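Both of the next two complexes hold chain A, though its partner changes from chain B to chain C.
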Partner chain A sequence: MKKYLDSIKHSRTIYSFVGLMIMVVISSLTVNKFMTFDNVITIFRQASTLFILSAGLTATILMAEIDLSVGAASGFIGCVSAQFLKADLPVPMVFLLGMALGALVGMLNGFLVGTVKMPSFIATYGVSWVLAGLSVIVMNGAVIFGLPEGFTWFGTGYVGPIPVIVIIACIIVALVYFLLHRTTFGRDIYSFGFNPDAALYSAVPVNRTLYAAFILSGITAGIGGLLMMARLNAADATMGDAYGMQTIAAVVIGGTSLLGGEGGIVGTIIGALLLTIVVNVMNLLGISSFAQPMVVGLLILAVVMFDTYTRAMQEKLIE
Partner chain B sequence: MKKVLVGLVSVVLLVAFLVAGCSSPAPKTAQQAPAAVADSKPVDHSKLPTKGIGTSISTDVKAKKPYKIAIIVKNTTNPFMVKSIAGTQKAAKDMGFECISLSPARQDSIDDQVKIMEDAIQMGVNGIILHPIDSNGIMPAIRKAEAANIPVAVIGTPAAKETFLRSGVDYTETGVLITKAVAELIGKKGKLIIIEGPPGAQNAIERLQGIKTALKDYPDIQVVASQTANFKRTEGMQVTENLLQKYKDVNAIIGANDESALGAAQAVKAAGLSGKVVIGGFDGNQDGSAAIKSGEMAVSYNTDPFGSTYLAAAYIVQFLNDGTKPPKFFVPFPSALDDPIINAKNIDNYISNIAWWK
Partner chain C sequence: MDETILRVHSITKRFPGVKALDNIDFDLKRGEVHILVGENGAGKSTLAKVILGAYVPDEGEIFFEGQKVAFKTTRDALEKGIAAVYQEFTLFPYLNVAQNIFFNREPRNKLGIIDHRKMERDAAELLRSLNCEYIDVRAYVKKLSVAEQQMVEIAKALSYSPRIMVFDEPTATLSEREVESLFERIHKLKAAGIGIIYVSHRMQEFKFIGDRITVLRDGKKIGTVGINEVSDKEIVKMMVGRDISQVFHRSANVFSGEVLKTETLSDRAGRVKEASIVLNKGEIVGLAGLVGAGRTELAKLIFGVDPIGGGKVYIHGREVNVTSPVHMVKCGVGMVCEDRKRLGLAVNDSVAWNIMAVSLKKYFPRFIIYYNKAYDIVEKYKTQLRIATPDVLRKCKFLSGGNQQKVVLAKWLSMDTDILIFDEPTRGIDVGAKIEIYGLMDKLASEGKSILMISSELPEIIGMSDRIYVIREGRIVGECKRAEFSTDDIASQMLGIVGDAHAS
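Our next item is the complex of A and B:
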């Protein structure tokens, strides 16, 4: 435990955590309904989709690659699964198919980046266009709604006072944490992201790890898409759009370096919470719609600026 | 480290102050009111070239030559746009012209829409029916078409300046009528949440204006919050979830379109407030209709994209036949004359005989 705390202290995650705490303190001082049990649950429920979508993405970014297709993949898998549900496929089957589709998308990304050697930025960007286009075709301009209750339960149901979607998000986050910190796969990801050359020389199966990271990202995108749809009780072709950049923002705000090898899932959770809380607080304060996007932008800049600044300071100290 | 913390705190405080400074009511947009709002009086039904509404609309107008008429939409993901295309296709069949449907490659991209306008002009179409993505941004392309003697009928989001014709609903009027319906349902008093459309979008601004105008007649209705959901269901749900934390005693919610109202309904249901909150929306779309039938939503406004593009096509064909112009620039359709309010009483008739989404 001590060792882990130390590792956090030296990682950038600590700064996003400080940022989150400051945000929480200011929010509870300015908004009287902020620190209620209900509101905290609401925040977690809203952040759950982002938790799940950015969980797998964290692994990809730790390898110094990027997956721009997460939003489009989640939307696409949501749309296809909605069609499956309309065709009366059983719910567990729909979940399995959705995850399999996600894995397939991840495999495609892995193939383009790992085997064809395309830069991940452009490969996954291309894939995101293909998926967005496929969603439009699959939905044919319609919105599917009125999904079976056995399915929407995953998005809207409760176990005691805790929403089901929050529980699922926690399980997925725990699994990804385990994968990243307790398995060879995780160690390979970090060592490759930290120093690709050294990883190559020490016989890290780079391509296999790359495929696995993209597949993980695809699977979490799939689960995210399914739950997004369960929460909305509807699917439309554009529902994943908003998440494309937001997921990357969550990972990076959380202190995971775009250069790889540094950061992790805990930071991503913090990043996702920050992004969710800022909107929640703005709603509770009744801030003008015109100002909201700007405030979100300023928050992102403030957190990342703080992070960059402290790193520079640290390096100076070490010298 | 201390210095850094001070730095961060001041940045966050700066943001907080900015936020506080902006929390006053939404700034008035400096945008000029488009010419389109000048005369929005409905045109008497006997003077329209069409009969009926929604999918049952019909006309006696026939094209004298096989004109090529383009329908240019904002995207192909919104059912509203898809049915606009369907309305034009039905018109093409009934009146005997060729319908070309065009949509931007990137959804809701004004750049792409300008490009396809230019392509349509190159193609030599005889008329254009257009859902502008941006009121001002599209004007040069419209003027280019007019310079090539192509009449441009605008549906939905108005263009900034007068063109051959504007049809579709009068957004201000939709706001007024829905607000009245909702106000009556809550006994003219209580707390109201408004879920706004995208900030800066002309149709959303006009609709909000209508809502505010109508509220002047109901001094006992208090607007406790007015926040945007960008016409989206996800955002409508999230915003409502957040607002319900503070206003559990809200009596009514008006969403700027059905999608955001449905998101609100979902949040109300999740909060265990079903049946206690009157929810109003706009469009009368498929899911919205189902929600009115099940009681999750109370009212909506039939904005009939099918009928309004059909009507626009009839005017264009008339003009191409013999130069007959529309009676005035803005012919609102459907209007107050068409009983556009959908509620629990008329929902069955709406779904079986009128609904534009079938």
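Our next item is the complex of A and C:
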């Protein structure tokens, strides 16, 4: 019975899962080194930052809002944390400060969208520019190398054969999964996403939920930024830029609807894996990295097209 | 004046799975207002559309001025002189009034260029004939009020010099004052010899404008009667197919103690003015009024959706600071909205989660949801309200209107609030589901819940209420107890017509 009520959130995700499976099968048949243990670990390690960053973003997209500042926020928090480390602050403190900073960014987004009533697309886009600019100022145009080993362990260390960063990513994903699917807060997000007006009339604390979703997105951006920096063993003002669009791509490819309500974190993980595998396979095949954005773009278009088509078919079938 | 201009003979129209019209006869005389009435889905709009040429009937004949006609499109009907004013407007918001009235048949000069001056003159002429010279023919339709748009719509219909005009639920979107002026116009059109078919399901309007009334039910004609030959009760009986006492059942109740009181409550937009009402424990109080009279607005104030402009709200005798629905639900107030699909439900979400939407935090105060328990709660209300769905995870949009409404009710029953506001609780649902909902309301009241029911359907409000408030232009203009109920009194209070002026 439990699975019964639970299964609702996976309804659209099944297509993404099938897509991932097809991708895996084709890759392991055609690409030599794909199905080796080392390569699978590499894929997960490469995907882990994307897992973390898009986990929080899933919550905002489920509310039919969007957070375009995820990439810039992660870069900014990475840069500030690098300065903290340079100033010899203890590592746990740096982590806490980074997460707090992420929460602050989320609060700002929540304020602009929930209280000022700006469209989230514009508000978070503006915030992302401000944060990108702040990163340059914080770094003063330079790149910071050589971070303390106690910190870089989180990005490059191993527990047995498993990279630490993968373990952390899994923990965060599990936490967000729990929040979204096992708590009343998660249900409020879905209610709002399906119909904000009905949510208001159903006594859902709409503004509080909106703030919380953006704060969640900010916190995961913060953690993502910290780990990104730990993995690179360096901080650079532009390091988060690539993730702005990739995170949204992961969520959308995973079957979460930009119209809100439908989808969930499981889909996002599948989407992030799909994206990473595409890039991984292209690397293994020696395809120029110049072609990669184009392939990712085609993938997004194909997924959305398929989604639109199956949705129409489904409605027809039920009528 | 007493000649038949339209005769419809044994019309049958089938849609996949249903016989929407079954062997219907209908006729219309010159200068007559013939009301077409029935429950939702009874076939009244279908019949109107057959007459207008929007549907081609499967069987039967239509005679217009004695000649047999077979319309294939609305254009065919229009050319013969049968024009329609629809419930939803068909005007272009960014064209001006004159352009809308003469859309696609603009007067042209010798060079084939549109003669704007003539077009505007003709449009102004038409509006003058409707006493609407205050409408600027050059104004964009978007800028007009709903009532003015309706007048433009009527002017457009009149520009075809029709012999017959069909009004399809024209008052659904109008405020009371606008309804009055619409009725005035209809009387004028009638005097000019135009035959009028008026589709509606609002009892209180019939006596003001109707001459004859034809009742449809489940696609069949139940009968045609002169408006003065029948009582409201008989009309309802014809519509519903059973005696009114079988539809509305109220147990005798003893009321104890005030649970909700408003004192000179006003909003900020001026749509609710100093409304004072009282709701007792175990009581069903009706709030009667036309659309736009401020009934829903009053409910939204009490429920904390709209900000309060002045006045006080007391619950169980204690003054409440009305801030938000979240707070009001904590105080024990629930609200079933009028607009089910937009405000009542998340139609793309499942039955289960819609039922749990409000009460989730009550059952799971510690943040964590246990699915087994949630499922049991959902199943309990599904069984109790007999919600027909093969699967509680089915999306609400695939349910019938009646079942959707039951989901909304289940949502509030599971919250178990002491006070329930029902805004048009039976709109758009079939008779069977209606009777179930009335039964539920009666049961709730005898269990000590208090219900404030908003409705524009008089039979419903008279049948179910222990007491009725009448609201007009944002003010409470009347109050009466069950023993004193009279359809005519309440209707005239709703419309703001004093004494026996409505007897015409």
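As a working rule, the second predicted complex is superposed on the first by the 306 of 319 C-alpha atoms of A that agree within 3 Å, B and C clash if a C-alpha of one lies under 4 Å from a C-alpha of the other, contacts with A are read in each partner's own complex, and residues count from 1 in each chain.
Definition applied: a contact is a pair of C-beta atoms (placed from the backbone, for glycine too) under 8 Å apart; a residue touches a chain by one contact, two chains touch by 3 or more.
Just so we're clear, the structure is a prediction, and the values are computed from it rather than from any experiment.
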item: First (chain B), second (chain C), both or neither touched by A:143; value: first
item: Contacts of A:42 with chain B and chain C, given as first, second, both or neither; value: first
item: First, second, both or neither for A:87, with chain B first and chain C second; value: neither
item: First (chain B), second (chain C), both or neither touched by A:306; value: first
item: Per-residue contact with chain A, leading partner among chain C and chain B; value: B
item: Touched partner set for A:204, first chain B, second chain C, both or neither; value: second
item: A:159 touches, of chain B and chain C: first, second, both or neither?; value: neither
item: First, second, both or neither for A:116, with chain B first and chain C second; value: neither
item: Which of chain B and chain C A:232 touches, first, second, both or neither; value: first
item: Chain B/chain C common contact set on chain A; value: none
item: Interfacial residue positions of chain A with respect to chain B in the complex; value: 18-19, 22-23, 26, 30, 33, 36, 38-39, 42, 45-46, 135-136, 139-143, 145-146, 156, 228, 231-234, 236-239, 242, 279-280, 282-292, 294-295, 298-299, 302, 305-306, 309-310, 313
item: Parts of chain A lying in touch with chain C, wherever the complex brings them together; value: 1-2, 4-8, 182-187, 190-191, 194-195, 197-205, 261-262, 318
item: Complex contact set, residues of chain C against chain A; value: 303, 305, 324-326, 328-329, 335, 337, 342-350, 352-353, 356-358, 360-361, 364, 367-369, 371-372, 374-375, 378, 392-393, 398, 411
item: Chain B residues within the chain A interface of the complex; value: 1, 4-5, 7-9, 11-13, 15-16, 18-20, 22-27, 75-79, 81-82, 107, 196, 199-200, 225-228, 232-234, 237-239, 241-243, 245-246, 259, 262-263, 266, 269-270, 285-287, 290
